[in-house]
Structure formats: structure tokens, C-alpha cells
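A, B and C label the chains in the order they appear, each numbered from 1.
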């Protein structure tokens, strides 16, 4: 029993201290003109640390690159890059409060993104409850 | 004794893992033109997660919406919104280094805000010592 | 044995809970026009908390103040301030991906800075593996 206890505690401690893969939330609320650079950051991050688990949480103007037909300054659609990163395990999340306040139909959101109730609450939850570290690109 | 030890350790571990309410520091150092959006973020955050404990730490230009008579772009005073959020448990903190370097009288700071010696040191302390997660709106 | 176990766990737990000095990563990816303010933040941070261990990780335009001959808006070289902060224990890191993509020779990087493979991966690693908290100035 005392041994089982100790094992449990050891497991908990190691769970906290030795989680192997780094989990990072990228917090994005800046406009589409910043998106190409941010997606480049994500790509470079994965190249440097292929086991990193990256979740990109967007709200406000930050959601725009995840809307259908969104293009960068050179007229290229973001959908290809998003789909490619998604295939590499990167997750994209879009704030529903933003969709409501900006009157944007949820059907316009990329198939590669998931809608969450609140972007800011999601950014906090991932850190507080799921062990993510923070990065504002 | 061994049992007491284990219980102590268990308590420590659970203290780290199962803190119930999420604590978030909003770090604000951008000007008054960004304040309405940021206060909207805080309000949406609380709606999505009513038990969240939110501290807004301001320095540099970020303190301006907490000065007497500060108004948004539509001429509405921020004091009403700040007071409302304060009543819901949101805390506002203003950097004293900023007051000194910008030569602003401490009497001009909102009654709903508390003055701290250094905004950046406070942002770090809340994370390192009080279990807050970070959000830069 | 059971006692040794418990001691090990206790040490692990206390390692997590009672680290004495605050460690902060300053994440900098904004241009040279923001650097004087950021270095002022670092200086104020150290004044408020002299035991703070500060690492400034730069990438993108954020590396510019760490290149040879970089000057602020008043024509003063950044090298003096960087050197002074470096002498106080502040560490500066520059992203090698940025050097490559912007075609900048590594020899142009300040002697007070260290080159790391990826700025974003370093920001995440310091938080996830070395107990740093985050601050975006």
C-alpha cells in the first residue's frame, strides 16, 4: 500500500517534470498581413523541434487567415500551408465569440480549424490545464 | 511517519496539479486605442470561464485607460467598464516606474487600480510565484 | 528504500515548488525602433528584482539591435547598454533561422549574444524545460 502510494506519487511527479514533448500554444489576434510570417514561425518551430505539439488559437483579426479564400499579400491562398501544417499535427482553433461579434458564418471557417467558444479562455485553459507553454508570434 | 510523508507529498503534488480555478495575467503595454478591445477580451473571458481569476497588469502606454477621465475613441469614459469588471473580481495594476518616468501623479490613477513597483516584475512574479498563466491581448 | 524513495520524491516536488529566483524569457521579434523601450523594461525589471534571471530571445526583426553598429533613434549604439546588461547577467540569444533567411553573416552578431538554432523553439524550450516564465515586451 505504501509502495503503491509512492508509485502513484512518483508517476504524478514524473508526469509534471518529465513530460517529453513540448506543447506550445501560439496566440494569434493580429491581421491577415501578419499570417504568412506566423505560419513561417510555426514551420521553423517544427523543423527545430519535430516532436513539438503546436496549437494555434486565433481570435479577433487573427482568425482571418483561416477563412475560406483568405490570401496573403502575394495573392496565394493560405489554405495550402494550413492544410500542410495540419497534416503535420498542428491544430488550428477559431474563437466563436469573434464569429458572432463580426457576424461571420461558421461555414466560412477552414475545414482544418476547430471552433472553440472563446479564444482567450482557450489560450488560458491550454496553459493551466494541459501543460502548454505560451508564445505570441 | 512514512504515511505522513506520503500524505504531505501527495498534498504538494495535488496542489500543483489540481488547482481548480484558472488564474490569468493580462499583460498590457499598448496605448489607449487598444484598451476597448482588451477590456472586451477580459469580459468575454469571464463569460466563457466565470471562475477565472484575472489580473490586468499595465505599464508604459498600457496604463492610460486607468487614468482619470480616460476615454475611448467614441468619447466614452473607461471608468464605467473598469469599475464593472472590478466588481466582478478583475484586478487592475499600474506600474509605478511608468508613473515616475512619465511624470504622472499617482492621484490620477483609477481607484479601481492598485499601484505596483514594476509592471514587468509583477507579470513575472504572478507567473512564477502565484500560478498565473500569461496572456498578451 | 521506502525512505529513499520518499526523499527523492520530496526533492523533486520541492525542486518544482521552491525554486527561489524567478527566471524570465523576454520574447523579442519587433524592430529596432522598439529596442530602447525593451532594454529599459529589462533594466527596470532587474532593479525591481535583482535576483531575476533574464534571457532575451530574439528572432525576425527582433535581432536587429544585436547586430554590429545598431543604433537607436537618437544615434546611440545599443552595444553599450547590451554590454552593461550582459555584465549584470542578462543573456541575449539570436535565432539562426533568421540569420539564414535574412542572409545576415553570423559575424555581425554582438559578442554579447549567443546564436541558437531557432528563436521560437528556444522560447518554448526555456519555458517547458527550464522553468522560465514568459514576457512579451
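Assume a residue touches a chain if its C-beta (ideal position, glycine included) is under 8 Å from a C-beta of that chain, and two chains touch if they have at least 3 such contacts.
Since we're looking at a predicted model, the values are computed, not measured.
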Same or different residue numbers at the chain B/chain C copy interface, by half rule: different
Angle of rotation relating chain A to chain B [CA atoms, steps of 5 degrees]: 120
Separation of mean Cα positions, chain C and chain B [Å, integer]: 24
Of all residues in chain B, the ones touching two or more other chains: 2, 6, 9, 13, 16, 134, 136
Residue ranges of chain C in contact with chain A within the complex: 2, 5-6, 9, 12-13, 15-16, 27, 29, 59-60, 97, 117-118, 120-121, 123-125, 127-129, 134, 136
Contact footprint of chain C on chain A as seen in their complex: 2-3, 6, 9-10, 13, 16-17, 19, 22-24, 37, 41-42, 44-45, 47-49, 52, 133-137
